[in-house]
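You will see subunit A twice below: alongside subunit B first, and alongside subunit C after that.
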Partner chain A sequence: MSDPVFGPAPERAPDPELVQLLTPEGERVHHPGFDVDFTPDELRGFYRDMTLVRRLDVEATALQRHGELGLWAQLLGQEAAQIGAGRALAPQDFVFPTYREHGVAWCRGVDPVRLLSLFRGVDQGSWDPAEHNFALYTIVIGAQTLHATGYAMGVQRDGLVGTGDPDRDMAVVAHFGDGASSQGDVNEAFVFAASYNAPVVFFCQNNQWAISEPFERQSRIPLYRRAHGFGFPGVRVDGNDVLATYAVMKAALQRAREGQGPILIEAYTYRMGAHTTTDDPTRYRLSEDLEHWKLKDPIARLEVYLRRNGMADEAFTADVAAEADALGERMRRECHALPDPSPHDLWDLVHAEKTAELAAQQAEYDAHAASFEEALS
Partner chain B sequence: MNEFKLPDVGEGLTEAEIVAWRVKEGDVVAINDVVVEIETAKSIVELPSPYAGHVLALLAAEGDTVEVGTPIIRIGEPDAATAPTSAPTSEPVPPPASEVPTAPAEPPVSSASGTDPIDTNVPPEGNATLVGYGPKQRALKRRARKATPGEVAAVVVPGPVEPSRPARALAKPLVRRLARDLGVDLTALEPTGPKGTVSKEDVLAAAGGVAPGVAAPRVSADPAGRETREPVKGVRKNMAAAMVSSAFTAPHVSEWVTVDATATVELVDRLRERREFADVKVSPLLVVARACLLALRRNPLINSTWDEAAQEVVVKQYVNLGIAAATPRGLVVPNVKDAHALSLVELAQALETLTTTAREGRTQPADLAGGSFTITNVGVFGVDGGTPIINPGESAILCLGAIRPQPWVVGDQVVPRQAMTLSLSFDHRHIDGATGSRFLADVAGLVSDPATALLF
Partner chain C sequence: MTTMSLAKALNAGLRRAMEDDDKVVIMGEDVGRLGGVFRITDGLQKDFGDDRVIDTPLAESGIVGTAVGLAMRGYRPVVEIQFDGFVYPAYDQIVCQVAKLHYRSRGRVRIPMVIRIPFGGGIGAVEHHSESPEAQFVHTPGLKVVACSNPADAYAMIQQAIHADDPVIFLEPKRLYHAAKADVDEAALSESPAPLWQSRVVRSGSDATLVAYGPTVSTCLDAATVAAEEGRSLEVIDLRTLSPLDLVPVHESVRRTGRLVVVHEAHVTLGLGAEIAARVTEECFHSLEAPVLRVGGFDTPYPPARIEEAFLPDLDRVLDAVDRTFGF
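Entry: the complex of A and B
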């Protein structure tokens, strides 16, 4: 119903266009704005990344069920969105993840066992963000978008944007989800990024579910269009298509590095698993939905394309499967071997300098610990 | 040989129920093969095996509620299974009670140990322990301190204790409550529990072996197997709590009326023919539901809440119409939100969705909350009527009886008519007999002559 004064309601706007380069059936299609050619090695690399990351996720979920992890946030179904976004990065780009970005962590060279130690509760995130240009997982929903925007404004002030030097110009990526899009933090980040033209790419994996809340209750308009209201472009990409996600992310990062400001990418995907291992999605969503999205599986469509075009054979997929099994085995083994944290970490790691007060506290603790028949671990 | 201990699959869960084993003794499992399905307070979860090998023993039965940390399955090489007792080496995991009934340090359990009911709400001390752990681990939470001169362990006297009985009997709070409920004097009992405590069995024995209705044991307590005991939990537990709270806070008045529902039955038949209703179930319940919604409009006090805290009666301008549904897991009362605003077709669809969802056990908590008036349909069981208990937070409930042909006086003739009894219970704190009767008469009038809906 068009209002004579205010115009049409937003939900009546035409259906959004979805950037896609590989259909769910494994057909390669082309898009005028984002046409990229991929070499067979790159395509096989995507397949390998996605398969290994899926195994990483399945193994970690099983480890939680074994009682080895306190919690795990599954990425099942979102492999293409994460590998596409992760592989499009330049080494100098800096990423601010949520707690579900295992695929991006993989692309940044973070050992999967480091993810396990966080979810096992033996540390609070043990990789060095500066070493991987990959911040620690943020549990607070949406908070990392502000960190990313602030970081991007710093990058700008350091003169690392728009110099034309491809090894120097950098972009910052803020990962978040559809649920976070309703958070104040995310909207504030949009405002600041737009106002200061910060070199930040907002990468939203719209996996349709904010725990049990469906996407329909997050937004009346397609998420990527939110960006227009803040004054920067937005684009929706098929998040289950690793090629399209890669191409769109590559272009968005380049745009940010050149100093053209922020952009919002909505990677349209589906959370095939639970929100976390504590959640039971059968209580709030229909199995038909799941079946529908299974047909859009990101790995299956790439495998079909590779095989149909003679770029992968049985030996290749078997190799990757064997590599995945080895990864799973290593994760189990090294997870079991993760050491428990020492109470001394409190005094050793929190402050740079051990003051007299801290030393006294530690001595007091040691005396207390020594009063037990059985040693405190 | 490895034992898989029940993990905390949520965050901070303490127990889970074994729903179904996917493997049996003798099966060969690989790492991450699903071995069992469990239900926690939060979800139903499949557990993958952390070990590869033969299934040597399932240490918990389907339906058991097991504490987190309790071994549930033993996996290893088949030879190890032949050993009569599993002598734990490095890990001090006591063997299951079924094999070794008592740990040495424990006093003998009562003679009925093999068949004693297990109350999952209390630690399984001195009980026919479900699996593994004898005394509850948690009881040993405090670490032993190195003895220093002058310091004596106060209560902790290990081993079978000589009852130098204290004036006040030692017992856990749950046992104390049980004793109070059963009228048993704790100090008069000979304690047989660990460390001189009075155990649940002591109390039950003193009470003549009569277990209270609320205990949650698991299997038959009767040697001949002529009684079975079912745990009170989940939906049943909620139902019990809701009914008790309602029955003993709201003074119920019940009234009933038997009406000639022939016109309603004919209306239902006509509606079924209509295209709008082609895909939806049309039943007398639908017509009665609609009649209630109309009658509530005329008698708004029926659709209200007694707010004890504020000392106010909250009259609602909307109707969230609850339908009591018998599900495989017990009674649930989901409600149709804003039912007053729905057309007949929408109401029919909403009722169908509601009942289907409930029967599939997929009713969400939001659907159960916020009801303002409830209908219960006992007619489907062939029952005529009853005195229903009001759903807590509401003020009235209508019970719909079976429709059956009965002799009816029309004019001077006795003719067969489709008769039905409507029973209404209401909260007499704020609804007087006149209001309740008027509402019931309105509903009855609409059922006997649906055309009078035009008057509302």
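Entry: the complex of A and C
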């Protein structure tokens, strides 16, 4: 029964139209709002990126199974969302990832072995954010969306928004997932970004699952629609369509760089793997779901399109496959060779200016460690 | 030389820091047009603009989280948390991000952020406005924590905290904001302030040692004055820095006096007094004539204002503890 004063609560809305440029069957379609003319080289580049990133993911998962990594957060199925979002960036844009953005890391030039070192337990993030314009992985869910917003506020203060210089104007990207959309930090980031009109693109990969909790537990309405309540636009894109994701992201980044403020992109996709290697999705989801989403595979649809239109042949796909094999081999070799960190360094990394207290604790540890070496010698 | 209140000294120190470095930005609820609920940032937005003195939405995690981003972009944010009891929504950002980013990034990311928190009770406030959460931050590696107790220190310490390349929790004794004014020699303090990470003997004595910080320093000084009339000489040490702890003057003092009482408004159990008692026991075991005693807030939530004086360490409870150290 509808409430006579407030009206009924919104229905659980039917799934909206996705922005799509490439159907699951590999058919190129057009969208009035978002379209980009892609060159054959760009399209082959997307195929290569997605194939290599999938290999990176498969290889890392195998390394975990072999005991070489303590954990791995799989991106299987989300290659198009990440490569589309990553390749749309300008070099000066700055990205705040979750712990699953291996594809975006790839686009930012972060070596895959650096991702492995984190999950092996060698370090907690070994790349230089300033070198790649790519922050370290953030494990606390949604916390990085505030960092992105604050960084974007800094970019505004640096006068790098809306100058009209395409090589200077910056946008900042906040990655998060459907689970994080329930976090206070994400909602506060929306409020702050809207209030200051900060140049931040909120890029949500809705992969349908927050470990075992389905998207319906997080939201009664499609996520992209939440943006309207905060006062900025939202759009839902087919996250398994690399062309559409690229086109939507490109437009959103440009809009932010021009000073038109924040935007929310919901990349609608599916987590084909487990949450992480510790998870067992067979306990909470149906294999039919997986079969359904397999038909929407991001790489297969692009390969069909490339082959059908004469932009890729056996030799090309064989080349990419060989490159993937070489990447896998290098990852295994270099992962094994990663040296353990030295406990001595623990105290050196806590502060920019080390305290006398920590120096004393470090000296105590060193003496303790040395006592074993003396005993052995 | 200017005579000013602690509140005014903080305002002058913030102004000076903003003049010295245009990367210093102030953020918080009501810090701009209003000048903060305690007027600590009074007039700063008018003079430095709303890009540098930023009135924020009412969300503490949002304030600290966006300040992290600004710090990563090269700014030096000075965040005001309106009251001690309102810091908890930001606790996750402080503990998991502010404190750990330098470590996580192996030193590649620095967070030169100051989080100012008016702390402690005694102002007749409603719930959540009188708390002393310092131990929770001292217990968090990666943070530095300081507390000022007088106008001259406030003026120098706020600038030093802002200049520091590490995140600093800056505790301000709110009941002393507008208490007795004191002379602040701005020129001299700008030239040669005491190092931020050092505690200080503020009254010399020979019979017992009192250690305090923030609002309880004046309580202990009053106690020492009364004790002197009774022929007992108490040394008073203002810790100033809670993390790192500088206990060198405390150890030196206890080796002479053999007796130590630690005084803070925070709950006694696992408060700073517990850590100080442990360390002094390790360092000065053979000098101690009595166990280290603690005077602090009870292990109850902060009470309604009409009975807060019973909760807060006062002169009588401090002197009582001193008496007890002589009973062993």
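Just so it is clear, the second predicted complex is superposed on the first by the 342 of 377 C-alpha atoms of A that agree within 3 Å, B and C clash if a C-alpha of one lies under 4 Å from a C-alpha of the other, contacts with A are read in each partner's own complex, and residues count from 1 in each chain.
Following the convention adopted for this analysis, a residue touches a chain if its C-beta (ideal position, glycine included) is under 8 Å from a C-beta of that chain, and two chains touch if they have at least 3 such contacts.
As the structure is a computational prediction, the values presented were derived from the model and not from experiment.
When the two complexes are overlaid on their common chain A, residue A:374 makes contact with subunit B while staying clear of subunit C.
In the superposition on chain A, contact is made by A:64 with subunit B only, not with subunit C. Contacts of A:124 after superposition on the shared chain: subunit C is touched, whereas subunit B is not.
By the touch criterion defined above, A:351 lies against subunit C but remains apart from subunit B after alignment on the C-alpha atoms of chain A. More subunit A residues lie in contact with C than with the other chain of the pair subunit B and subunit C.
Look at A:184: by the touch rule set out above, it reaches subunit C but stays clear of subunit B. Judged by the touch definition given at the top, the superposed model places A:148 against subunit C, while subunit B stays out of reach. Of the two partner chains placed by superposition, only subunit C is touched by A:136; subunit B is not. Touching subunit B in their complex are the following residues of subunit A: 59, 62, 64-68, 70-71, 277-280, 282-284, 332, 371-374, 376. The residues of subunit C lying in touch with subunit A in their complex are 25, 51, 56-57, 59, 61-62, 64-75, 89, 92-93, 96-97, 101-110, 112, 141-142, 144, 164-166, 197, 244-246.
By the touch rule above, subunit A contacts subunit C in their complex via residues 96, 123-126, 128-130, 135-136, 138, 140, 143, 145-155, 157-158, 184-185, 188-189, 191-192, 195, 348-353, 355-358.
Interface residues of subunit B, counted against subunit A in their complex, comprise 4-11, 31-32, 42-48, 50, 143-146, 362, 364.
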